[in-house]
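Before we start, here is the structure in question, set down as structure tokens.
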Amino acid sequence: MRAVTDEKAIVPKIQIQAVSKSYPGDKNPVLALRTVDLSINEGEFVSIVGPSGCGKSTLLYVLGGFLEADGKVLVDGKAIQGPGTDRGVVFQEYALFPWLTVRNNILYGLERGALAPEERARIADRLIGVIGLKGFEDRYPRELSGGMKQRVAIARTLACDPAILLLDEPFGALDAQTREVMQDELLRIWLETRKTVLMITHDVNEAVYLSNRICVMSARPGQIVEEFKIDLDRTIPRERLFTSDAFNKTRNEVWISVRQQALAAEKLNARV
Amino acid sequence: MQGSDRFAAFRSPVGRMVPLVAMGLIWQAVSATKLIDPSFLPSPLRIGHAMVDLLTGREICDNLFVTLARAAIGLALGSAAGVWLGLMMARSPKFRAYAAPIVGGTYSLPKSALIPLFILWFGIGTATTVCAVFLSCLLPMVVNTFQGVASTPRVLVWGAQALGARPREMLWQVFLPHALPDILTGLRVALGFSFVLAISSEMIASTNGIGKLIFMYGENGAYDYMFAAIACVVVVAFVIDRLLLLLTQKCLRWHESATERGPA
Amino acid sequence: MEREPSKRALQIRSVISVLVIVVLWETAARAGLASPLFLPAFTAVMAEWWTVCADGSLPADLLTSLFRAFAGLFAATLIGVGLGIAMARSRLVHWIFDPVIALAFPSPKIAFLPIFILWFGIYSTSKILLVAFACVFPIVIGTYAAASAINRVWIWSAYSLGTSNLTLLFRIVLPAAWPRIFAALRVALPVSLITTFTAEMVGGGGGMGAALMYSQRFFESPTVFAYILTMLVVGLLLDAIMLRIQTAFPAWHSNA
């Protein structure tokens, strides 16, 4: 079944093959995902957009190894075995440990590695600088704003230096201004590190602004119905990009596709 | 309504003591009129006198120590077992299914009803008291720990797993810290129960302890001493409860409720 | 992760769990692993339970105890709700009672039993008053918290609509505070039972607790067990009733 190749570069970083997932419902099981296929190459930034409740987060949880599903999920050609540090996850709800300070949250994942304590502290200090939270190292998450919490969550994930970043609506709980700042920071980090990223979002602008490729998912049961390749110059600043024709053309195409799925979802819900 | 500064003096620690002192003075005045038989209601001065007498002797300290030791042993064993059971119930649906009817059934049983049973089994003395305290502390700890662990958000669990936490580490690094506020709430309830059960069981089945002492003073008609011993119990219970509250605040500086309780 | 078993499987396990205990109990007693004095057989306890029910002694004791518990709880509710609201509405009342409550709340009320016996004798009066004394603190604290958490805008708008103080109390303050008052009552109910039983066990004067101690003193183990099982069932039933009331009126949930 599996094609054996000697050239590693040809094997996609992530392969999702015929993945289906159903939840136990009141009477019948509810199908959340139906035979989803998706391949992501190393260094690619892929976004999944779709109407709410379409199962896009479920796909990310399956890839994270948190949920079991039918079908195959391969990373570097090997089937995943539960959660792992090769896939860093950022959740919409931040998922910071409220009983740990900013620094200890960032150190949490590092403490399992083979690094010496001084090296860990150095990495944590550097990341605290990167996310601009110098002076907040010893604060608890409850003392931080939403944007600051999400920065810590991203830093905590980056600390383990995962090859893959899984982002589950990472900026969904933030206000519009903070969201833009965070998007710029994420873009900068991605341009620097060129990690493989899969992001779930319902914000079309965000998806077009950040990704190489956008997959549009249908209403439940979720399937990937359309794909868009994005080829924009990432080096030009946000203001110019957002007002450019290329950006708007792509944005409108994606938006219409998502809107069709959202309307279909509305109809589906109205019938239920 | 706005001039809150006028009330600042009333809310100071000294200001808060004023009503208590005033009540004592009224009580003293009523006693002085001798309208009420002083043997039924000893005056605060006489109680104070008895208290000084008690505190300079060994009787009350020894008996109070015995009671506190019994309560502490029962509380420690009951809390440890309760946290363990609550954790097991929250983490294993199978275990929960078997344990739930037993926990639910005994939760609303007035635990002091078991004292006669323990007297049958263990006779009169420390074992009976400790067992009664143990059982009364066990259930609030089980229920609160269960709630705290079972309510751990799945993203917190997943977040730890994605950062490489192993199943054994999850317990200490995720589930128990998340349950800590609930466990401490349960501990405060259990602390209250431990006093009640230790004292009731001593009143029923013991040859020593503060419960027995209070009862003996009552039977011998030494009412001023009885009142003084009860006052000692009230003060000790109050101080220990406050200490636990302080410890709770220290342990939960990270918790949302810390803002309501004042600056961290 | 373990898979969550079906509801049916859980119920079956619960039944199994209880059955296993009863069967173990019965066989241990029958096999003579424990002397009947320490552990009478479950069937013997049931037979004794039937006897004490039939001769009317257990129902009479139960009625006495329940009367004491409910009378005390009723008095505690009247005083507790009234004082709690007064403390929330008046700084003076709050100033006077707050230190007393802070001091008395954590204290084991049963320690006051000898005083109540001294003043009110060993029969119902002392029990009812001790129960009221034990239950009043959680109710005051619950009511005070509830009444001071009422949205001030409601009270202001009620006043601006010309509401009198009394109407305000019954139409705004009590309904708004009720869910948390009810939650406090659910806490106070087992307190009333445990206080009644314990006071009867310590001080005598009839009721379930006194009968329990009496049978223990004469080593009538089946009777001891029969009374304990009855207390267990009564505690369960009363809590189930409170829960049923709470679920029947969703608005009464404190977190509604």
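Quick notes on this structure:
Every chain is named by a letter (A, B and C) in the order it is written, and numbering of its residues begins at 1.
The criterion applied here is as follows: a contact is a pair of C-beta atoms (placed from the backbone, for glycine too) under 8 Å apart; a residue touches a chain by one contact, two chains touch by 3 or more.
All figures in this text were calculated on a predicted structure; none of them were measured in a lab.
Among the pairs B-C and A-B, the greater number of C-beta contacts is found at B-C. Averaging Cα atoms per chain gives one point for each, and the point farthest from that of chain B is the centre of A. Core chain by CA centroid proximity to the global CA centroid: B. For the pair chain A and chain C, the distance between mean C-alpha positions equals 52 Å. Rounded to whole angstrom, the centroid-to-centroid distance between chain B and chain C, based on C-alpha atoms, equals 18 Å.
Averaged C-alpha coordinates put the centre of chain A at 48 Å from the centre of chain B. Contact residues on chain B toward chain C in their complex (touch as defined above): 7, 10-11, 15-17, 19-20, 23, 40, 92-94, 96-102, 104-117, 119-121, 191-192, 195-196, 199-200, 203-204, 210-211, 214-215, 217-218, 223, 226-227, 230, 233-234, 237-238, 240-241. By the touch criterion stated above, chain B contacts chain A in their complex at residues 153-156, 158-165, 173-174, 177-178, 180, 253-256, 258-259, 264. On chain A, the positions that touch chain B within their shared complex are 61, 64-66, 82-85, 87-89, 91, 93, 95-101, 108-109, 112-113, 140-143, 156-157, 160. Chain C contributes residues 2, 4-5, 9-10, 13-18, 21, 37-38, 91, 95-100, 102-104, 106-115, 117-119, 190, 193-194, 197-198, 201-202, 209, 212-213, 215-216, 219, 221, 224-225, 227-228, 231-232, 235-236, 238-239 to its touches with chain B in the complex.
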